[in-house]
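One chain, subunit A, links the two complexes that follow: it is found with subunit B in the first and with subunit C in the second.
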Partner chain A sequence: MAPSADIAIEPIAPIEPPAPLAPLHALPPPFTDSNLEVLTQGAEALVYKTTFLTPATPCVVKYRPPKPYRHPTLDKRLTKTRLLAEARVLVRCRKEGVGVPGVLAGDWDNGWLVLEWIEGMTVRKVLDEWADKVKRGDKKEGDDEMLGVMRKVGRAVGRLHDIGVCHGDLTTSNLMLRQPSSSTEHASPLFQHRGHQTVSAMREAAMDGADGSEPSPPQPQSELDGDIILIDFGLVSQTIQDEDRAVDLYVLERAFSATHPAAEPLFQKILTSYGESFKGAKTVLRRLEDVRLRGRKRSMLG
Partner chain B sequence: MASVRTFHLPHYPAYPVQVALFKDVANAAFLRSQLLEANPDFDYAFLDATMILTPNHLLSATFLALHASQTSRTKTRTAHSELVFRLHPNNNIGESYRKFGISDTTTHLIAVKFSLTPNITNESVSKHLGEFVKGESVAIGEEGEELGIWCDVGKVRKVYKLGEEKKTKKGAVVNGNVEMDARKEIESVVLGMITLKGS
Partner chain C sequence: MIALGLEGSANKIGIGLISHPSSNKPPIVLSNLRHTYVSPPGEGFLPKDTAIHHRAWVVRLIKQAVRQAGVKIEDIDCICYTKGPGMGAPLQSVAVAARTLSLLWGKPLVGVNHCVGHIEMGRAITNASNPVVLYVSGGNTQVIAYSAQRYRIFGETLDIAIGNCIDRFARTLMIPNDPFPGYNVEQLAKKGKNLVDIPYAVKGMDCSFSGILAAADILAHSTNEALPDGKRLKTEDGEIVTREDLCFSLQETVFAMLVEITERAMAHVGSKQVLVVGGVGSNERLQQMMGMMARDRGGTVFATDERFCIDNGIMIAHAGLLEYKTGITTSLEDSTCTQRFRTDEVFVGWRD
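Here is the complex of A and B:
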């Protein structure tokens, strides 16, 4: 990475998720069109949902197709480096107990990575749906439920920064709110055919001395009760510079205000909770002030 | 006849995987000698069942071995030796065999056979293993859920350098749920480590 002080911080425009198209690229073997659902087709990566290891285990395949304008050898090397960096950080986060999808498989030479499926919604979607409810008068802007989600976001980012990892592309689409575990059995449309319980669910029922029928949750759970899972580590770096951490927060702040202008007060909650999440967090927040100032100057000049 | 379960890995439907579990195995030394002699009739992955954490632990190494073999990038002689190799976090083939492969004193055994040719079927494997493994065949269940029952989690943690198990708080009830959740956590890290192996 370039020295962090030189990173140009551009205002971030809201990016609409691309409409689902027919696949642009065929995935390399062994993947075929069957049992494959397109999730997104970004500039860097194509993301699909499929199954892995067992027909009942959903997963994500992330494929970085070759870039035709780059020299093939260089292209292969860059793809491999980025994919490996992403996979290594994910495994490291898992070891340290930071909420990220597990790595299930990968082939760096051929540009793909298989990740654990996270059942839930992106925080972007959560905020969109929230905004709709607020508009309809069903919910209030700063409800405790939503503040709770923001607190979890702040804590998740703090945990990540605490182990010396900067995400590099912290937007609300790269944060997921996991569906609370007791309700995950029914959700995914691709896998609704599966009529049986998972092994762990059966074991759970057996351990509880229950009869193996639907385990009943102790109390009605809110959809917003799940954990925050950080995804999309394609631009990750390992660093302990406060500047890098502050830039991560700044990117998130811009993403927030660009896509959810009314939700800006919610972002304050993220910062408060971030500030309490690890030892150096307060220093990062002070650094964030500088980063903002530079960002503002830049946009006045530009 | 031994109890053999056939797995069809998503994305490699053309190569079913035959898996069998045994306890009280009395002739591990013989089975191992057949591997060492490279007897083609004994082209199996013979694994020490105490080193397999969960079905996914075995299946992920199986997938990676099959994928390496199908893309001509194996580091070992066969898809079966590749599976043993793939389970270890480091690149040392001998060490992989010592830690995950059958030893002369192995009593709990997992046998894996890829159906790379049409003559290798659930039947043929069941018959062959039934004839040559002196031990009690154990059914592993529809999803292979019994594959981890003899796992020595401490040994597995050690090979993958995951450090000591966190002691549960005094007075906390240690039940099956907690144990399964802990295994799931280890499994997730281990799958990532064997994927990253050698790169």
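Here is the complex of A and C:
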């Protein structure tokens, strides 16, 4: 038997990468001719900033374009299921008082949702900026402000789990820290009062043009004072299983340590505050240890 | 500097010699030889038989590789071998060969993480500077990105590896193992056209393939050509579902999952480059799908051909030499193997 061997006796010639074509960002109707600017291209959606009904009401259009690499049948099925799951859970979370953007409109056949605008930034960005400051010596590691943010993250995830929802894609890109002034003041006149969740009520509120002319609350202490808002619920599941909850935390933990190695010690704070956030959270934390162990032990062979 | 690399973590034994020119020039492959153990149809490769295969071939391949490289033993700086992860017995048989050479020739040893070998080789060949890496093979499914001196795992399979899933699916349909099951599935898939529902399981940046195997059993049964037409699985339009359709559906589904988790990682770390490594990375449909995703994000996909995608000795030589140049060697006492060796355990001292 001769060896079925490859013979390569030459310097390795680098493969020239093909020139990237401009990505296609055509919006579906009714936005087709709207000239909206892409705000970000997330993991599966394109996010555009615009206004809803009145110019004073900012919102985002979250559009899941058809994925060119995916078989059209599979693509339609996934887009529709995820969009509907996201919309339903957002409505439910809002009713239960969990911090999420409200749903204003949607079309599952064309793959878009219009969501309340959250003024602020992703926790991913907050941590990056913080890490830069630590590097420059402006901030020290484990400082109280940052621990405060972590505490709020733990509590927010705990609240979510408590109402029987597991996020399915908890990363720091899918957590937003709302800018403090806006959370109490004029950020979303549409969603100021609980009980105003029906679409018609939102429209009315929007038409009223509530524009933040209320008395301002005391000046915020720090830009890290705002609320944590959970976003991006496409992979959500409604469950109260400890296992699912633990996996949610495990996903966040790994995203955390992979993206923010310097901030890894902060993650502990998320867990502590999660542990205190609802009855049953302690059991989830114990389950998390099993899930971790399984991850480390996961056989890497066929 | 020149390194000899020995790889044998699965059913292939690979021996290669690489040279890193002193300046900033690209590495030069001096020789790259491989021999594959093919198991009988309907069976996977067992550790014991695979180890016997590797032991039978190792000396012959080393001799041939050194001769082909045209180097003298004195010119070789270090002996690099795969420390893990992989199957115990095959890993050990190759490690014994590496230790023997080290003692015989008086050269230092460098134990290499197989996954890091794939990543570094892929980077060297494609010139991708800082890509998100999809590592897909018979035993591994990981989405990896570099950060702070480590290759960090962003997502991975929650149960079996993608290659393993394809192989077992193929076996259920009695698709032959020669040259390898994935290749045959790929050829059959080219003739398929009907998409059958196969479980699609993505959780964040992780995915799961075990549900597919359960479905495969049922599908294999209902597409059996021995069944009367009335009992066979049909599409909504009443067309009979063929084996080709099943291979097509399998690929469309599992590759969509892989591309999706890769895209999620790219979005999260803000990268526009993706590098596909590992044996399954040689699948043209996967490369094509990854290319479409990357283009949609204004980015690029980098892939290597089967000489470097499929397990080989060169990648072990290359990654080992990178580590050797940072002053690290593996002492004889520490030159063990380990079946489990996670990618993020390696301190990557050779990158900024």
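Criterion: the second predicted complex is superposed on the first by the 218 of 302 C-alpha atoms of A that agree within 3 Å, B and C clash if a C-alpha of one lies under 4 Å from a C-alpha of the other, contacts with A are read in each partner's own complex, and residues count from 1 in each chain.
Just so we're on the same page, contacts are C-beta pairs under 8 Å (C-beta built on N, C-alpha and C of every residue); 3 or more make two chains touch, one makes a residue touch a chain.
Computed from a predicted model, the values in this text were never measured in an experiment.
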Task = Quick one: classify A:35 as touching subunit B (first), subunit C (second), both or neither.
result = first
Task = With the two complexes superposed on chain A, say which partner A:108 touches: subunit B (first), subunit C (second), both, or neither.
result = first
Task = Examine A:171 and indicate which partner it touches, taking first as subunit B and second as subunit C; both and neither are also allowed.
result = second
Key: Contacts of A:261 with subunit B and subunit C, given as first, second, both or neither   = second
Query = Counting only touches as set out at the top, which of subunit B and subunit C does A:293 meet: first, second, both, neither?
reply = neither
Message = For A:94, using the defined touch cut-off, is the partner it touches subunit B, subunit C, both, or neither? Pick first, second, both or neither.
response = first
Query = When the two structures are overlaid on chain A, which partner does A:240 contact: first (subunit B), second (subunit C), both, or neither?
reply = neither
Inquiry  = Contacts for A:44 in the overlay, against subunit B (first) and subunit C (second): which applies, first, second, both or neither?
reply    = second
Ask   = When the two structures are laid over each other on chain A, which of subunit B and subunit C touches more residues of subunit A?
value = C
Remark   = subunit A positions within both the subunit B interface and the subunit C interface are none
Task = Write out the stretch or stretches of subunit B touching subunit A in their complex.
result = 7-12, 55-56, 59-60, 63-64, 67, 70-71, 73, 143, 145, 162, 175-177, 180, 184-185, 188-189, 191-193, 195-196, 199
Note = Within their complex, subunit A touches subunit C through residues 3-12, 14-15, 17-18, 20-24, 41-44, 65, 67-71, 73-74, 78, 124, 168-173, 235, 247, 251, 254-255, 257-259, 261-262, 296-302
Message = If we count contacts the way the header does, which residues on subunit A are in touch with subunit B in the complex?
response = 29-32, 35, 50-57, 84, 87-88, 90-91, 94-95, 102-110, 116, 199-200, 203-204, 206-207
Request  = Please give the residue numbers of subunit C that touch subunit A in the complex, ascending.
outcome  = 9-10, 25-36, 44, 57, 60-61, 64, 68-69, 85-87, 115, 124-128, 138-140, 145, 147-148, 150, 152-154, 156, 160-161, 163-164, 167, 195, 200, 202-206, 252-253, 256, 259-260, 263-264, 267-269, 272, 288-300, 302, 306-307, 312, 339-342
